[in-house]
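Look for chain A in each of the two complexes below; its partner is chain B in the first and chain C in the second.
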Partner chain A sequence: MTRVEHATKSSRIGVMLVAAALVVFVLAPYWGDRQTLRLLAEIFTFVALASLWNLLAGYAGLVSVGQQAFVGLGGYLLFALAMLLDVHPIAAIFIAGPIGALVAIPVAALIFRLRGAYFAIGTWVVAEVFRLLASQVSVLGGGSGISLPAAVVIAMAPSRQLREFETYWLALGLTVLVLAAIVILLRSRHGLALTALRDNEAAAQSCGIDVARIKFLVYVLTAFGTAMIGALIFLQKLRISPDTAFSVNDWTAFVIFITVIGGIGRIEGPIIGTIIFFIMRQALADLGSLYLLMMGAVAIVVMLWAPKGLWGLIAERFGWQALPLQRRLVPTPNISKKERKP
Partner chain B sequence: MAPILALDDISKRFGAVVVADGIDLALNEGEALGIIGPNGAGKTTLFGIATGAVRPDSGRVLFAGEEITHLSPERRCRKGIARSFQIPQPFSGMTVFENVVVAAAFGTGQGEAAVYDDCAVLLERCALTTKANQRAGGLTLLDRKRLELARALATRPRVLLLDEVAGGLSEHECAALVTLIKDVRAGGVSVIWIEHVVHALLATVDRLLVLHGGKFIAAGDPHAVIKSPQVAEIYMGIAADA
Partner chain C sequence: MTEWLNVILQGVLIGGLYAMFAAGLSLIFGVMRLVNIAHGDLIVLAAYVALMVTTTLGIDPLTSLLLVTPTMAIVGYALQRGLLNRTLGDDLLPPLLVTFGLSIIIQNGLLELFTADSRKLQAGAIEIQTFQALEGVWVGLLPLIQFLVAVAVIAALQVLFYRTALGRAFRATSDDQPVAQLMGLNTRHVFAMAMALSLAIVAIAAVFLAVRANFDPAIGPARLIFGFEAVIIGGLGSMWGTLAGGVILGVSQAVGAQIDPGWQLLAGHIAFLVILAVRPQGLFPKVSG
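Right, the complex of A and B next:
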């Protein structure tokens, strides 16, 4: 009987670190001030956005520069549902996901006719169309935007502090949900196909993998997650406008930067990348536009010296995986004696 | 009985270069066919056309009598056509074992856990067991070629298309490869083998075809074909009627 295991020594350490971090983060309202909570919640949303983009571009090879379409869609859905239909904002987040996925289906039918750079541009065009459409909806503030009415905000929790806690835990919970879903996906049979697709599309096809179907599936799934995170982001901000909701800078350029420097095509990459991004932002934010120039310089240096990102460099050198995703054949006594230590 | 794989009047040109000029080819069930020809003769393109990676300009591809000309590569793989690539194309970030599991699970349409046993046996057969948990991207050329073969076999093919699997191997490694391919044939798999290492082909195939300028210019018994004046002409530049 063949035995296969997923865990390695590095992944056992990784899982323990993740569990410890989770405990620390869950308890953050007890040790952190309001500023810290807001910063952490923002970090979590970027981890989630970058992880979703990584799934899309890193694994499925769909290099989209238009994911802000779904961030903005989610944000506007939150406002529409809460203001026009009296839906509780938290419920609205969970409704935004499926609607985002539904919208992604016809969008995919359209842009999947394009390849490579044309696909990337196509996704951007779609996001711009969404932005222009949003600016036409006058009940949601049209081109100048709108704030979430105080009544809706106050109804969320009895005190301001509790509401801050609530949105913090929501951000943590949703990010954990997104990451867990990605881990489960990658450990499944589909994940096997996705990882093969990441490494070599032609070979994946010749091994019987329905590449077109899995790309479509990933596109719709990431739209689901991205719309949910979008709704969450604008529940944190409490104000939305077409330019902030569909910002290519905030929701795509930074997300690509994070994923590329962290390590594209690896689940750990976006997490490492987000940490680096926020350290840089906190340290350099006072420098104004110089900060963006320095970030660009970092991106160029990483791409030249570590094209697979920082985690890619580490993983290839040491064979590490922070999460148990690999399938490893457990040596049986009659084979591979050489590998076994005396 | 219809041949297991047939190319019917296939033509393909890349710009001005004609790589297939009305090619007919029939592989019978259980047969092993060798194809030789100079570089650029269109050998690999034929495999591309058979597996669906390359679309022919005209002509039909048939599998066991059924037309598959417009079927996608993955559908053809699941029907039972497997290929190895001339330049190995491993899933370099995955382990050797995972590479084979992918092909086994998706090539046969089975669940992942259901193929683990078969994959372990296959790795043993292809002498890759000790490297099962290594990253495929870090393998030596010989092991990449072995993996290429293991992955093709994992899809449980009825037709196996081998593209220069023996190139760059030592005498000893080549002999082991011939044994393995004979073993695969004995299991009922039909084979087409493109190869420059002629003695490996002669030891294995029933029929030998010579491709030149997008056409088969000689076909038949391997030993007779290799001694034929046409082969001497294209490989040595000696005129056929001299």
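Right, the complex of A and C next:
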């Protein structure tokens, strides 16, 4: 008899490191200043966005350049729910997720008619439509945008410091939630199908995997997560406008570069990529648009000469995995003994 | 009534410009299954090249095409040989991400060089000349030239595809790359020629765009989207379909803008989405996939 084993020596170390990092991050309000907390919260949201895009493009092969549609939708849902319906902002984040998924269903039905690279541009058109529609909604500021009213912000927490702690923990919590959901999905039956799909779509289909259905499922789930993170991002910013909410640079270009540089199609990739991205940003922030130009160049170089990204190189060289996702068959002699007993 | 006739005519004429955006995109997709996300930014790049040529040499924009078109063709050939040929293969991701990276590089490079200020090419008196086509219906001379050039470009592409040795090479490579290679075609060169041709069309489109309206480094992606929508509305693989797609997009935008200025772009996108919903293969499809 055999059973499936997920963990390896490296993943046991990895899980311990993740657990240790989590403790450090949860306690960040006690050791970090305001600047550090803001930076960390921003890093977390990018880890979450990049991980979601990685699931979509790296595993399901759905290369979208229009995920800003759902980031912006989530942001606008937060503002609409909090301002027009008096929903508590934190509750609004959790409502934005399911609404994002609901909106994704008809969108997917339409743009799944486009294949491959044309699908990518189709997602972009959808994001543009959302942006133009948002600028028509005058109660939410129209084209020039709007700030979250002070009353809503004050109602969140009694002091500014507490509110900042609250949004920090929220960012950490949501990111952990998104990552955990992706790990659970990948360890499930569907995850095996997704991994097969990532490695070879035709072969996966010939093994009986319903490719169209699983792609649809991943698209809708990604929209769920992305809309939630979008709502969170604009709770941090406290101000929204169509151009910032549906920005292709901020929510798609950066996210794609992060994932490609870190390693597409691996769960560790977006995390490594985000760390590199923020180190580069802190180091090169003075360069302005030259910095973006360099990011683009680095992404092209990585795509051409190391298409599996930095973590791909490491994983192939040393056989490491940071989280227990691999499937290995391990012989289990004691089960066969049990079977003999009765 | 004549008011609407004017609006629709304007839309038709601008559709010619969109068809030129689309023709370059459609050409390289047809030959090598590459969707160039940087297409719109290359249009803007060509507009800046035209701006430099017209200001340094003091020639008018239409004459500058004699220089800008070959320049962009050379850029296209070099880009394909040096970079994009490396990305082609079974995997969809490399060409998409590399052209996406290229788009960001061009945008920010232009921003560094030329700042975010809006620019425009000055064509002189021709810009404002109009004539009366029907009672109350006025046609601008420049939009009309632009539309006729678009028709000529597409007719020329059609002839090139079906009547010349290069066109035969394009079609052969498009149909079956390994077999084309066995027949002695250098597919790397054929791909580079296709990209050179695509960017030559981009140069023509860019000059008309830059004479018509203001441009700045950030307007590329929207041009890519217009071109893409025209391709899909017209149907993949059909050059004349591309023209029809451009015209439909142009008319939708003009009608939308007439109803409410905020609806100009939205109306174009909605026309595209409606076509996608009811006739996903486009109006005049020729190839599938």
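Going forward, the second predicted complex is superposed on the first by the 330 of 342 C-alpha atoms of A that agree within 3 Å, B and C clash if a C-alpha of one lies under 4 Å from a C-alpha of the other, contacts with A are read in each partner's own complex, and residues count from 1 in each chain.
The rule is short, and it goes like this: a residue touches a chain if its C-beta (ideal position, glycine included) is under 8 Å from a C-beta of that chain, and two chains touch if they have at least 3 such contacts.
Computed from a predicted structure; not experimentally measured.
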item: Chain C versus chain B on the shared chain A, clash or fit after superposition; value: fit
item: Geometry of the superposed three-chain model: angle at chain A (Cα centres of chain B and chain C, steps of 10 degrees); value: 80
item: Touched partner set for A:2, first chain B, second chain C, both or neither; value: first
item: First (chain B), second (chain C), both or neither touched by A:204; value: first
item: First, second, both or neither for A:65, with chain B first and chain C second; value: second
item: Partner chain(s) touched by A:21 [first = chain B, second = chain C, both, neither]; value: neither
item: Contact breadth on chain A, by residue count: chain C or chain B; value: C
item: Touched partner set for A:102, first chain B, second chain C, both or neither; value: neither
item: Which superposed partner A:304 touches (first chain B, second chain C, both, neither); value: second
item: Superposed arrangement (fit on chain A Cα atoms) - minimum chain B/chain C Cα distance in Å; value: 8
item: Shared chain A contacts, counted only where both chain B and chain C touch the same residue; value: none
item: Parts of chain A lying in touch with chain C, wherever the complex brings them together; value: 57, 61, 63, 65, 110-111, 113-118, 120-122, 124-125, 128-129, 132-133, 135-136, 143, 248-249, 253, 256-257, 260, 264, 288-290, 292-293, 295-297, 299-300, 303-304, 307
item: Chain B residues within the chain A interface of the complex; value: 51, 53, 72-74, 77-78, 82-83, 85, 89-95, 97-99, 101-103, 105-109, 111-113, 116-117, 119-120, 123-124, 129-130, 132-133, 135, 151, 155
item: Contact set on chain A toward chain B in their complex; value: 1-2, 4, 188-189, 192-193, 195-196, 198-200, 202-212, 265, 316, 319, 326-329, 331, 335-336, 338-339
item: Interfacial residue positions of chain C with respect to chain A in the complex; value: 29, 33-35, 37, 83, 86-87, 91-98, 100-105, 107-109, 111-112, 221-222, 224-225, 228-229, 232, 262, 265-266, 269-270, 272-273, 276-277, 280, 289
